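Structure, as structure tokens:
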Amino acid sequence: MGKFFAVVLVLVAVLSAYPIIGNYFPLPEDISTHGHLIDSQLHDTMLEAGVAFIGAQLVLAYFLFAFTGRKSDAPLKNFPGGAKLMVIAAFLLVGTEVLALGAFGQKAWATVYFTAPKADALQIQSQAEQFAFYFRYPGPDGKFGAIHPDKIDEGNQNYFGLDPANDVDARDDIVSGELVVPVNREVNLMLHAKDFGHSFYVRELRIQQDFVPGLDLAVHFTATKVGKYEIVCTQLCGLGHYNMKAYLNVKSQDDYDKWLKEQSQ
Amino acid sequence: MHETSVEPVHVHAPPQGFWRKHVFSLDHKVIGKQYYALALVAVFTGMFLSWLMRIHMVWPDAKIHGLELLSKNGAPGGVMTPEYYLSLLTMHGTLMVFFVLTNAPFAAFGNYFLPIQIGAEDMAFPRFNMMSFWTTFLAWFVLMLAFVIPDGPPIAGWTEYTPLSAVGRDAGPGMQWGASLWGISIAIFCIASLLGALNFIATTLDLRAKGMTLMRMPLCTWAWFITSCIALLAFAVLLPACILLILDRHAGTSFFIPGGLVASDRLQPHSGGSPLLWQHLFWFFGHPEVYIAILPSMGIVSHILINSMRKPLLSAKVVIYSMMSIGFLSYMVWGHHMFVSGMNPLSSLTFSFPTLTITIPATILTLIWLGSLYGARIQLTSASLFAIGFISMFVSGGISGFFLAQPSLDIYLHGTYFVVGHFHMVMGVASLFGVFAGTYFWFPKMTGRYMNETIGKLHFWITFIGTYLIFMPMHYLGLIGNVRRYQSFVDDYMSPYLWLHKDMTVAALITGAAQFLFLYNVIYSRFKGAPAPENPWNCTSLEWSIPSPPPWNNFGDRHPIVYHDPYQYGVKGSQGDFVMQDSPEQIIASGD
Amino acid sequence: MASTVAPAVQSAPRLGSRNGAVPVSFVGSSADRASRSGIWVGIFAISMSFAAFSSALFVRQGTPDWTHIVMPSVLYLNTLLLLASGVTLEISRRSLTAATLIESDHARRARIWLLATFALGIAFCAGQYIAWQQLRAAGFYLATNPNSSFFYVLTFIHVLHVLVGVAAIVYLLGRLMASHSTFRRSLFENTAVYWHFIGVLWIYLFLLCLVKL
Amino acid sequence: MQMKPAVITGFALLAASAVALAGPSGGTVTGKVTYEGTPAKMKPIDMSKEPSCAKMYTTPPMAETVVTGASNSLENVVVYVSAGIPDDAAPSTAATFTQKGCRYIPHLLAFQVNQELKIINDDQTSHNIHPLPKINREWNKSQPPGTPPIVEKYDKPEFIPVKCNVHPWMHGTFAVLKNSHYAVTGDGGSFSLANLPPGKYTITAWHESYGDQSQDVTISGTESKTITFVFKAKPY
């Protein structure tokens, strides 16, 4: 039984590691300027965690193999070094690992959250609601119209509750269901929640940030590759959560300008 | 003052009549069994819900015949609606976390064995003890009501994030009365758990038998004691949170609801509340809750390992201190659930360090367990199989914590199946393995009969392998950015990976089915199992020094006096290679 | 001691046991020690809950819609009542410690002061009710603004705790009144501890509502 | 007043016979609904979030809050007899409300109190129907593809906004009316209320964003009257 258990554990270790080593579940391609930091951090962590995982399972397997079904008079031995060794090992191995991951790993975090967007970053506002994202561009005047929750009229495509009748800034605001951005241009995305908590997640951008009602947050990123990518909600927001998505459409500067012109007509 | 009271002292009179004996019993053993039964009902309900969810997830249009009987609106014509999927998800999480992972390893086994293992006749406050079970039962009943009300169960997940959970009807189906029932149920559950924790602590501190020093307490007693200290803080914080939530829902207050929200085309009449406040209060409870679930299993597993290795752990002290530091650290890490929820990015870093640090005591524990196996005489019973399976599971699930503890990786992995795989393995299955191990181990003591070993081993192999087949792939899917809590994967991005989800569903169905072997084994053995002696596993702790099943007052009129710690294995004892805690004989090391 | 056949829980020396034995120095049985640590653990848990409430209040005070309301004047009176009740309970406890027999003057005095404590406790609850009325009269309801919300929540939950204490006092009175009954002193001690705790708790809550940080 | 019931039953009989004969018995009110001023410019609906629906259109469909036609005609206006005629029993036929291409067909559905309302999902995606009544009972149900139609009833007259919680742009209206004398203006904004027995009526026209207007008409014999409603349109 012990031998069988050992075999099973070896299989578990090997088969669990196989898809990772064989890279059968590759990360989606990274189209952001900061993503490579996250990816390399993920890679390092995977290496350390993987070694620990396989190591532990194999040791467990070996001990089971060696020390089950022994005769009742078989001598009992203690692991050389005993508990002291274990404690020291844990502190050294894990401690250093913790420090390494903790200290160096924060670079990616810092680039996302501790660096302010450049002054010329493209300002876009995103509103999350049950169950869609809408995006607002300030239009030619470069000013966003104020949001009036009582003016929201979705049947009439007024998702943000703008008041063009009285608010000049709002008249030229461009509202789109698709996040269209120019390539290689930093975007500062302001997140506004209309009803509940939502989250902005673009796998390829390596960006995830919650929309918190009553608390307008912002994320900034630079998309480096033209194409269409999925924006999904990762914060449970109600019955349509699974279907709450939009598309990030990265265009060349020219196409972007063209699109913007079409929209403002 | 005289040494010990000589004349028989009973905390309560011998139970008379059916109601006192079996229903409103003051006997900690009966109460423990009641907790266990409740957990058993809850775990099978929860498992059934997970079946429905997994089936619907991979075959969204499938007609599940008879489901429309469970809920007319939730499954018109047997096809599950998106909101009903979320209802099941919420109920699955709530049932499993509160009524299984808190009740089974902690309340059930703790109630039954903590007093016996410290040589006490009963809990310090038997009436509180009875109350805390029946309050828990009430909480469960209130939660179950959500299934039968027309509105249906809530859809906001077991974390009930505000404002989704706070605005009521406009948040969607199930959020009008279902969510209220949830809040009330959890508030009641908090009160019950506080009573229980109070009882555990007082009992451990003051009702220990003569000679039972703290360091002579078995490791599972230690685990239950530490857990009750954690629970005392955790539930004391969740209770106010639930009260405020209920007020927001029904009294028009705005603790968690900010102004200017428009839901279902209606401007919500609230202002100024803070959704993050709920998240902080909830996770201040929520993270320690993870350790409330896992620590008792660590204790149980250590206790069983020592017995089936026939040798002590490398160091029991280190295990105790590790469990303590885990309990202590568990209060400094709650923020790691909120890395991307708009918390100050700096505090994310300050939360990530203790989170990474908590892996040190966890690693120490693992190394101690592993290292102790070296040079042992391991006997593989169903109990020890599950105990060793626990180690494997704890490693596999715990390792992925490395990833999630780092804010920079959490940016990518948060809210994906990576998280689901992680916590299901480490706090769900691992601590359930502890419960299984405990059941196979203590069943002879509780009923006077053995459980069937063949069925037990079969149960273990299917469960062990099945668990890996279900939850390991979740990590892979998380790495490709598979978002959790989706009722189906409508986006083309996920379609290439649906086959894997289908396989996981099949694995889940098989593994779930195997649990009926366990259920059968429990029920069959209860009545037809082979009769067990007083101390079938040659174990040293006090519960094995009394008849199986124990009499209503545990030790009769005897007042056990403890002479040894419970780790006296591999010695020359009068009864074999061990010496009971309460036997006055000298320890003679076996010659080797 | 061995001769007395006491119902329910055996424990430390009892007043009014049949032979009217004079209690030796207070010796707690394990049950007494348990209930003592029980009360402290309970106090710890309650404090933890109110700490949670407080943190919520601090967060909420930071939000712009917070308007600080003037506390009803009756609260000052209530505070005095509760403090006084603490004193009377202390006197009662002291004289009971000095008491040897249930029929002694000490015991009688203990009874009277305990009765006073009970009255003051009830008066406090009534006073809190009046405070709520005053606040409603001033147009501040539970949902009027965050400050009033917190005030009602905190005071109401505190009053619930006071009522638990009152119930305990009633029970003690019952035991003390009935002669020839056994009396467990540790119960009295614990009730006193609890009662002083809710007194302190009230001072804290009152200050919490009074001052804005 | 003793004879009122008699009168009512009389009217009821008349109406009933009118329906039964299905011939032009009684008078008719015909007319046209128009607007003056500049109505808000309807924007195209952005369905990019729901590809299964978006691909059903070559050019994105327009919002239907204000639908205008040639010569200032106004569509989706309910014209009904608001006073002067007794309530009718609901017809046995069900009023059908279809979700197709992530839009409501029709955008405005008029039916009678207690008439059966049948809601069908023709899309490959799961819809949610959430009518927001003020006086009737509120419900909120999802309808995955391939599930049976949702059948409901309303027991009080009301204009009920309907929304889909899953697709924010999907908005429609239920016009629940007391009697069978109503019409919804289509292309050209014209309407016709037939089979009106002689009498004095109040005719009301209701539009979801322009509100309602009423006119009194008196019908004698089988004459047919023509009336027009003119709504004030606002650019925003």
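Note that the chains are named A, B, C and D in the order they appear, and that numbering of residues resets to 1 at the start of each chain.
Keep this in mind: contacts are C-beta pairs under 8 Å (C-beta built on N, C-alpha and C of every residue); 3 or more make two chains touch, one makes a residue touch a chain.
Keep in mind that this is a model prediction, so the values were computed, not measured.
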| item | value |
| --- | --- |
| Two chains sharing the most contacts, counting C-beta pairs only | A-B |
| Geometric centre distance via CA averages, subunit B-subunit A, whole Å | 29 |
| Gap in Å, rounded to a whole number, between the CA centres of subunit D and subunit A | 47 |
| Rounded Å distance between subunit B and subunit D, as computed from the means of their C-alpha atoms | 56 |
| Centroid distance [mean C-alpha coordinates] between subunit D and subunit C, Å | 66 |
| Of all residues in subunit A, the ones touching two or more other chains | 129-130, 154, 238-240, 243, 245 |
| Residues of subunit C engaged with two or more neighbouring chains | none |
| Per-residue multi-chain contacts in subunit D, two or more chains | 125-126, 128, 142, 161, 163, 165-166 |
| Every chain pair in contact, whichever chains are involved | A-B, A-D, B-C, B-D |
| Complex contacts: residues of subunit A adjacent to subunit D | 129-133, 153-157, 159, 163-165, 176-178, 238-240, 243-247 |
| Touching residues on subunit C, where the partner in the complex is subunit B | 2, 9-10, 25, 27, 29-31, 33-38, 41-42, 44-46, 48-53, 55-56, 59-60, 63-66, 142-143, 146, 149, 153, 157 |
| For the subunit B and subunit D complex, residues of the former touching the latter | 60-61, 73, 76-77, 79-83, 169, 172-173, 264-266, 490 |
| Contact set on subunit B toward subunit A in their complex | 81-83, 86, 155-157, 161-164, 171-173, 257-263, 265, 267, 272-276, 310-311, 313-315, 317-318, 340-342, 345, 348-349, 352-353, 356-357, 359-361, 363-364, 366-368, 370-380, 385, 388, 391-392, 395-396, 399-400, 402-403, 405-412, 414-416, 457, 461, 464-465, 468, 472, 476-477, 479-481, 483-491, 493, 570, 577, 590, 592 |
| Subunit B - residues contacting subunit C, complex | 1, 5-7, 9, 11, 124-125, 194, 197-199, 201-203, 205-207, 232-233, 236-237, 239-241, 243-244, 247, 251-255, 259, 271-274, 277, 280-281, 284 |
